[in-house]
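What follows is a pair of complexes built around chain A, which joins chain B in one and chain C in the other.
This part shows the complex of A and B:
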């Protein structure tokens, strides 16, 4: 009874459909007097099946079918559900976007299917069963929770005014998986990369690695020396991202080296922070750097401070400090957003030497226009190794270069395969290379994000 | 009336912040400190109302919605305790305990990003660089569409490879690598230029939005005063910028201390 109440409350118009192929009105519309001919004039899709969604936590099922070639373009696929095989079948009680004729083809989703050109004729819909619970919970009637084991589905096609449901009735039990095989390529790449890094770290202990000159980093010492001579502080900013991003980790890593130089020169470094966690990490980093430099007495934790977690008030405060304290050098490392130009321009107007480093593509141009030196993208990650020459960091830079070399080889292979496939496809747009072409396509699909 | 007063306070604070274009002054300092204070207070409330209360207290100690059945979920004690440990930084004797929480955050952060970074920064971009993938929508298309798309796909491929070569750190940029790296840096600069242009346009749009707020929302009964205010504001901004430019560089105006 409660379930029935929930369904009534959520579906504006619930239209009862018998098992078999029938037409029902879409929710929110008056039932049409007759089923539109557009829904009856084409062959239904075939091989309609439901099964557990692979590689998930047991909360979703997958409905697949072979699309009908005769379907008109203004018709879209949809799914109806029932809490019993006999029906009645109702629209899903949550937002569900019907899918078009060419959407979500299997060939693009290797996490669910093996790659075959023939799979391009198949389509699928994933039903997230937790959405049923969320709907039930939203009614404040927890007892109305749906029994996933009793949910049945029917695939249908819809226009704006009507729905046609197809046989068979679909049912599948979701199964929890311990291992997500779709991420296996990530695991493999990460493992190989780790082994390569360890190898190069070990090698770096025995012999020196060459690292090309990075112009901005040569200026770090110069900037610190200038600050010491002028008796003015150095401002070091770690960006606006939290401690979980690579650029912030790189910025705090670099902070250690800069702070060590500052301690040696007996200069002063100020680190205004945007994130309280980053502030804590920065305090630890700077303190450790002062200890390593043998100047623990010179460390002042008040110089690494939190301002605010709001973007533009943070900028207003830092800009105000820049103008009042007139730092001799500003370091902007980490990830930045719209504030990059505001910081860079004010810093430049105070006459400070400025070095920036970020992997935020959109903000790099602003730093280029307002700073003396800019580390572009990955140069920020390599900066620590360049400054410290520590085997650990040098090894990881060398390993990342090896990874880039492998990527270039993969790209070149992809180019060769692409040229072959494009030439073969010149006549009919298909794959004239047969199984060999399919293997070439499969090779490229291996690097698809979805796998 | 309250809205009207609120709008004028906002307009006044906007002008105080804009006065920084000339130089640091007491009005800017007042607005700056107010801005930082208000934003901090707001964030403290936000964290309390959207994280601490519903996700910690509401899950472990108190049922915040008596209409729903509730039972404590003690797993949420783990992040709660880690968060409380962070506060030990304020007590020097047990300050070292806060490192546990920091170690957790940094370790989790570094580990967690491996998957997403590999997927979105490496695999997705690698896949999208294959000419065959880029040419999919143009297979069977007429030559007028096919050939430009092919040229586009090849340019994209060359750009990706040369930029990758630029980011080789353990090889000197000489010979073939040097040539490719030079093309790579040109590609980067073209990309940055395009990005710069589009972002500047967005900033101009933001400024127009703020100027509209000042001249229209602040004066609801007509636009005669607004037009004068706009003109005055523009003159003030341009004068401030010119005055600022004429000032000697900061390093020369004051002797080094």
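This part shows the complex of A and C:
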């Protein structure tokens, strides 16, 4: 204790705190007269290690430790660095938020760690080494001022005023990974699902599949017929997302079928677009549909046009056209945001028959209140197959149904596991199910993370 | 010609689709770098496509003016607005004063004295806000139509909606604040019922939709990558 007091008095920045440990004052502040007792009066964390961060591009390292059960709540873990093993150790040169006792638990992170019950007692910190380069360059451009191979770290605990650093000195070389093993289950599921889809597409060539009735798609013909009888146009909107989203692709797929029907009925379709690329695709789709229907002369490229890619300006323009032209039918397919109700309500007020289809789950209720028929979620993706009755497309819809069956089984399994774990926990303060319970917990962890 | 129109797009869709799929599993910087560059291509194509969009909208309105179609005066408003905003954005006398990164006497949102700034914040933004605010009235009319208790389902919807609406405002929660905080009776407090409705039946329904959507997206992607679905190229399947 005497040695400690003398050290504090002689060295304003660095002082020997305990055997093998160093206490330093926080940067930019006057050293505290006495290192806070709160930093000294608990057992230090153990098993402090550094290693390469798994499943990354070779730019980060990972520091893990077994947490100290006696650490007070107002103390947080931090990391100091040095460009040589001997020190001196300084705070990280970029923003770093120290972590508390219950944060960054290894058992809660399945991306970098396998699930083990024991990992509930371990914590981790990820150090992004590119942040050193960004600081060195003063920008986000990479400039090797810090040599990653010479960076050493120490884990510490901190309050607002002081830091206590622990041995050992930590060092790890980041390694570039060519496969992200945390996505292995994803790859497995995706591969199996793709094989199932291709199997059903192949089977569909030989066998007829039953597909349940979708009222909204059955009403498409009715809507087009109504427009023909009334001599009014049909409005078809592909949503507000760009061509890179699958819901917009599904909407343009459906547009091909609708346009073909429109051409057959000798009616008129107008497609106001939110995105110029979507406009180009829609022009081509409608033109081909008219050609296929044997009515190339009836195609008018001016009917597929761009308005703007500003959300409310687009709505104002489309609503204005609805009010002026009084379309007999409005189709809203694709992804929508807050404008869904504005479009739906104005269309409804003009007396048009309205069919909507979106995978934007928060907008579905708005379409349900304002439209006559709504394709909910996946029905939008099945619409093209449903209307064309093309066996190959129906096969993929069947495959989705099979995947849903698997998901239902997984959900039931999750329910059973959840109840079993709950009962076991009630009977025994911990968990009486042993290694099986650990596996069930892992399953539930995955389940909670991804569903 | 047929190869360019039919086979080549399918080949491009397959190669780029599979490549994008594969690099999702590869964290190494070289592969992610290629992926990032592909995204830049999309942005570049989008920028060029904007010219097509401008051509489309201006062409429409110029035709309307030329043929004196009803309401052609509004087409003048559009064209004048388009030209005014474009000119105002141009950095006139663009030499920046000492010490400043850029100086646009007319253009740019950085200059509060500029014409572009004025038009953007005092014309465009209020008009956008006006459109958005109409939503409040449409929500009321849509709610009125939906909540008329004509059927059992509509009645359930009405009751649930009333509970959720009351449970989200202080006046509503104060109505049941006399009930105890814990125990059986606490579950009858409006905010507790609201949380239950939102977190259990509502969340279950949403998750069901989301799962279906996810599978639908994968199925559609596979159909496009493997060339089973070709409607997006125009024409039949």
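Here is the rule we use: the second predicted complex is superposed on the first by the 409 of 451 C-alpha atoms of A that agree within 3 Å, B and C clash if a C-alpha of one lies under 4 Å from a C-alpha of the other, contacts with A are read in each partner's own complex, and residues count from 1 in each chain.
Operating definition for what follows: contacts are C-beta pairs under 8 Å (C-beta built on N, C-alpha and C of every residue); 3 or more make two chains touch, one makes a residue touch a chain.
All figures in this text were calculated on a predicted structure; none of them were measured in a lab.
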Checklist entry - First (chain B), second (chain C), both or neither: which does A:163 touch? => result neither
Next on the checklist: Quick check for you: in the superposed arrangement, does A:281 touch first (chain B), second (chain C), both or neither?
Outcome noted: both
Checklist entry - Does chain B (first) or chain C (second) touch A:250, or do both, or does neither? => result second
Checklist entry - Which of the two partners, first being chain B and second being chain C, lies in contact with A:291: first, second, both, or neither? => result second
Checklist entry - So, does A:316 touch the first partner chain B, the second partner chain C, both, or neither? => result both
Next on the checklist: Just to be sure I read the superposition right, which of the two partners does A:329 touch: chain B = first, chain C = second, or both, or neither?
Outcome noted: neither
Checklist entry - Touching A:378, do we find chain B (first), chain C (second), both, or neither? => result both
Next on the checklist: Applying the document's definition of touch, where does A:308 land relative to chain B and chain C: first, second, both, or neither?
Outcome noted: both
Checklist entry - After superposition on the shared chain, which partner residues are touched by A:361: those of chain B (first), chain C (second), both, or neither? => result both
Next on the checklist: Can you give me the overlap between the chain B contact set and the chain C contact set on chain A?
Outcome noted: 183, 186, 190, 242, 244, 246, 249, 276-277, 280-281, 284, 307-310, 312-313, 316, 324, 338, 341, 361, 364, 366, 368-369, 376-378, 382, 397, 400, 404, 407, 451
Next on the checklist: Can you tell me which positions in chain C touch chain A when the two form their complex?
Outcome noted: 21, 24-29, 32, 42, 45-46, 49-54, 56-57, 59-60, 63, 71, 127-128, 131-132, 134-135, 138-139, 141-143, 145-146, 206-207, 209-213, 215-224, 226, 228-229, 231-237
Checklist entry - What residues of chain A sit close enough to touch chain B in their complex? => result 137, 140, 142, 183, 185-186, 189-190, 209-212, 214, 229-232, 242-246, 249, 276-277, 280-281, 283-284, 307-310, 312-314, 316-317, 319-320, 323-324, 326, 338, 341, 349-351, 361-362, 364-366, 368-369, 376-379, 382, 385-386, 397-398, 400-401, 404-405, 407-408, 410-412, 414-415, 417-419, 421-422, 425, 428-429, 440-441, 444-445, 447-449, 451
Next on the checklist: Under the stated contact criterion, what part of chain A meets chain C in this complex?
Outcome noted: 55-59, 176-180, 183, 186-187, 190, 193-194, 197-198, 201, 242, 244, 246-247, 249-250, 252-253, 256-257, 273, 275-277, 279-281, 284-289, 291-292, 302, 305-313, 315-316, 324, 338, 341-342, 344-345, 359, 361, 364, 366, 368-370, 376-378, 380-382, 384, 388, 390, 392-393, 396-397, 399-400, 403-404, 407, 451
Next on the checklist: If we count contacts the way the header does, which residues on chain B are in touch with chain A in the complex?
Outcome noted: 17, 20, 23-24, 28-29, 31-32, 35-36, 38-40, 42-43, 67-69, 86, 89, 98-99, 102, 105-106, 108-110, 112-115, 117-120, 122-124, 126-127, 129-133, 135, 139-140, 150, 153, 157, 160-161, 164-165, 167-173, 188, 191-193, 195-196, 199, 203, 244, 249-252, 254, 256-257
